[in-house]
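Next up is a structure, given as structure tokens.
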């Protein structure tokens, strides 16, 4: 019944190309960047957990678009939040206010926001750049009367550039760093377990590295809290045409390689089959 | 004896890579651009008619450096003047003041400035973007007491963006356009012939399209005025390693495919063998 | 605005324009109907079909290289039976050439897939993917060998009722011989090229970047080699040639046509821009008008000497 | 700063480091001595030499493609005799491996070039360019065929005194067979790949972009295919493999070594950056130190399963 909720088509199949989305503003902390893109139609149709495919250059190198979660939405604009990790994100980080980007979106299925109960509580867990979709999610949950607590983990304090943004927006925020430079010393999943005792949740939403998501799937079972996890994969197209982005998933009782760009990137934890390390 | 003058090594074999030449300023008229590059060592060794190989992007597409004549030299900086014609020049035109360029130079053999006679006169003929090396040349000739007259041709008035620069520097300037939108209506070579009667020259220097250079080679013979012509070719390296940039030339009595990046790009007209159209 | 004549006559089939979406890069077609009207296409080739469903390879299945893409999807698919039940009915009302990419692990499987498809309407032609890796011969494929190609083409041609396009692999030094033997065996057209066998390694982990280790390279990187192959093959055979490899713009289409292609397929570019093909078709129309070309088809094989 | 051990033992020859400048992209060596001390190189291969001077092809000889370069230089050169008189004396005092790329229009010419070179000192090895287009067979080359390769390698091996590196062409589906037959015929090492036969067309003029129509593709575009070939060949032969194709960074070198190469050659990158090779060597040194790799050579053939 849980997956039934997910699979009724919560989000339409609308998806648009906007070849001229203007960069309204840019923010930067070390390796991390925010770009706000003016794109009224994509913005109006966006749902938390969905993503964009962004063209980062004009030539065929880099060749493919890059996937980025929709980080925030305001008026006519949506934001992406990204970390520079390779050629494409480096090129993207050189773009300036006023430049235009060719984007495709909104893509995929996002988070299921239906939580039953009168005062539902959600735990939003973001690892590193995986925090990206959780801001849009927290804002949307708030509109639905769900109170969201943010769990934000990174290797070091530099990996937590959005902590002020969440605090400013008034969300309870728990941070962790592996090196102890800020907040809880250790993994964000351990921090979550500790906190769940005083601060139980009706739903876990998460995005981050595979190791973190796998651990959250276990926690979801142990604590009987449904979890919605956002996966990453190399994407050729982002809209179901290449079959490049598969993950092993259980769907309609069958286990197989399923496209995460169309059926996901967000899945209920119990659908996801984790490979051996 | 003429080629003997050319072939004593007027210009040393110095050639440097400057991976961080800063763009000091930028000018633009339509398709045409000037970039001033701070590069003390290359500047101090530059000779008119020599060129740079410029890296226009960071990835392997476009792959090769692009050749540009040294347009002007001042203090620690040299200028290039270019027209956007394809991917590489388009990318170059997007660079901004403060950006850094990876350049190699000075390359090739430039114009021979030795003109005998007490009040020598030179005719400098530039077609379109071929005007590029002639500003540096005119300034150098002036230092040697040679008076230079500029003949500057283009398809239309928009192709003559440097006319004010030459006038401001005090050179006699004759312009032509094929559509008659500015100056003499027709080819710059016809304008030159007309003018040579009143205003004879001891030497022709030229850079521009092959058709123009070929006609100047004929004029050089007819009027017995030695001419030095700067050729263009697709260049793989710019420093003699690839054998990609050949033109048919007569050298030491032998005719063959010679590299223009090393032996040229400037050659005395009589060395150049023109192919059938 | 008057439109130019972009239509192409392949003999066995007429296309509105020379631009066909390439197999494996256009899903089953329906994925792109969200972006544009599929009837604008010259045609499209659906993802390769075997007689039974195939699970495909484990991920990572894709890796980018300089101006290229290596894929090792492993022909994941629903098999010809489910395709005919679930997908084909959605395609049958289209007014564009629907071409089916026919695969097989052995010769009889190719014929079985074609025979099954013969029972349904709404298909313009079969594209015989003789470049499928053959498990029993250690990953080599029939298209590397003129004789094996001849056998498969003859067999399928005999056992089915539709026109055959034989799709060649570039991983051979004998592309001309293979093309000729497909022609002799009765193929109605030749399409080339499939992807180039390639690999990528992560120097940090010392592991292959694809779970399958080897994959197929496509995209602009391969265009100069593919164009050369099309040029060579077109000079040696009389049946039409459908050229592909790295096409992203109308200029690329023109180059393939000038080299000898009657039509082209566009693959990887569909991933980068789902509207790539309609944009290319629009540009071709403008090109013909500005250059006073009455029939685009007249460009085929017009390479002039330098 | 202590340095790591970058040296490579090819059996017949020891290199300071695995990075060799590729034939045809490094002139006769002297062109680069303006940029850096040639003794820093693992070695360099001079431009291909025939027995007599060759005029080369008319221009245009080069055209850029997406992340690639097509060349049709046509092996313009001064011939082996003038080379030995005029150039070789300038190279003889170098403390790096000087390798001569030996060409021929027919089998005997290869042997004649090698025999002439045998009369001079200061040469580490011959690289047999069996990928030279053979005029008498319409442009095809011995490296496409295992038997022809076997004949040439045997003949040259018999008639000369120096180690032989056989350089293979990628324009074949039989690269493993060709490599094996070169090994059987006595080759001391294999180098691969030479350029991919390719072309480019100017859609505006409908003319080829190279006067020679066809040329050879090199550069980053070809790396994924070349790396795959090196990987396949290295698993099947016992003599050392020298890998090349699109190398521009130290990471590329590591990928080729992990795939099975004992050493590498760098070609097109020398045009883009004349200091590419010394930069790569410096990076390799840093890499070994940061990763505690005592001997860089230990990386060869260490591709781990995914």
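Read from first to last, the chains carry the letters A, B, C and D; within each, the first residue is number 1.
In the analysis below, a contact is a pair of C-beta atoms (placed from the backbone, for glycine too) under 8 Å apart; a residue touches a chain by one contact, two chains touch by 3 or more.
These numbers come from a predicted model, not from an experiment.
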Quick check for the class: compute each chain's Cα centroid; which one is farthest from the centroid of chain A?
B
Separation of mean Cα positions, chain D and chain B [Å, integer]
36
Between chain B and chain C, centroid-to-centroid distance (C-alpha), Å
48
Between chain A and chain B, the Cα-mean centres are separated in Å by 55
What parts of chain D, by residue number, touch at least two of the other chains?
66-68, 219-221
Which chain A residues sit where two or more other chains touch them?
59-62
Among line, ring, star, complete and other, which best matches the way these chains touch?
complete
State the interface residues of chain B toward chain D in the complex, per the touch definition above.
13-15, 17, 55, 59-65, 102, 104, 233-237, 239-247, 256-257, 275
Of all residues in chain D, those that touch chain B in their complex:
24-27, 31-32, 34-35, 47, 55-56, 58-64, 66-69, 71, 73, 76, 219-221, 248, 268, 270-275
Listed in rising order, the residues of chain A that touch chain B in the complex are 57, 59-62, 87
Would you tell me which residues of chain C are touching chain B in their complex?
66-67
Chain C contacts chain D in the complex at 65-68, 70, 144, 171-174, 196-201, 203, 205-208, 210-211, 213-214, 217, 219-225, 227-228, 231, 246, 251, 254-255, 258-259, 299, 302-306
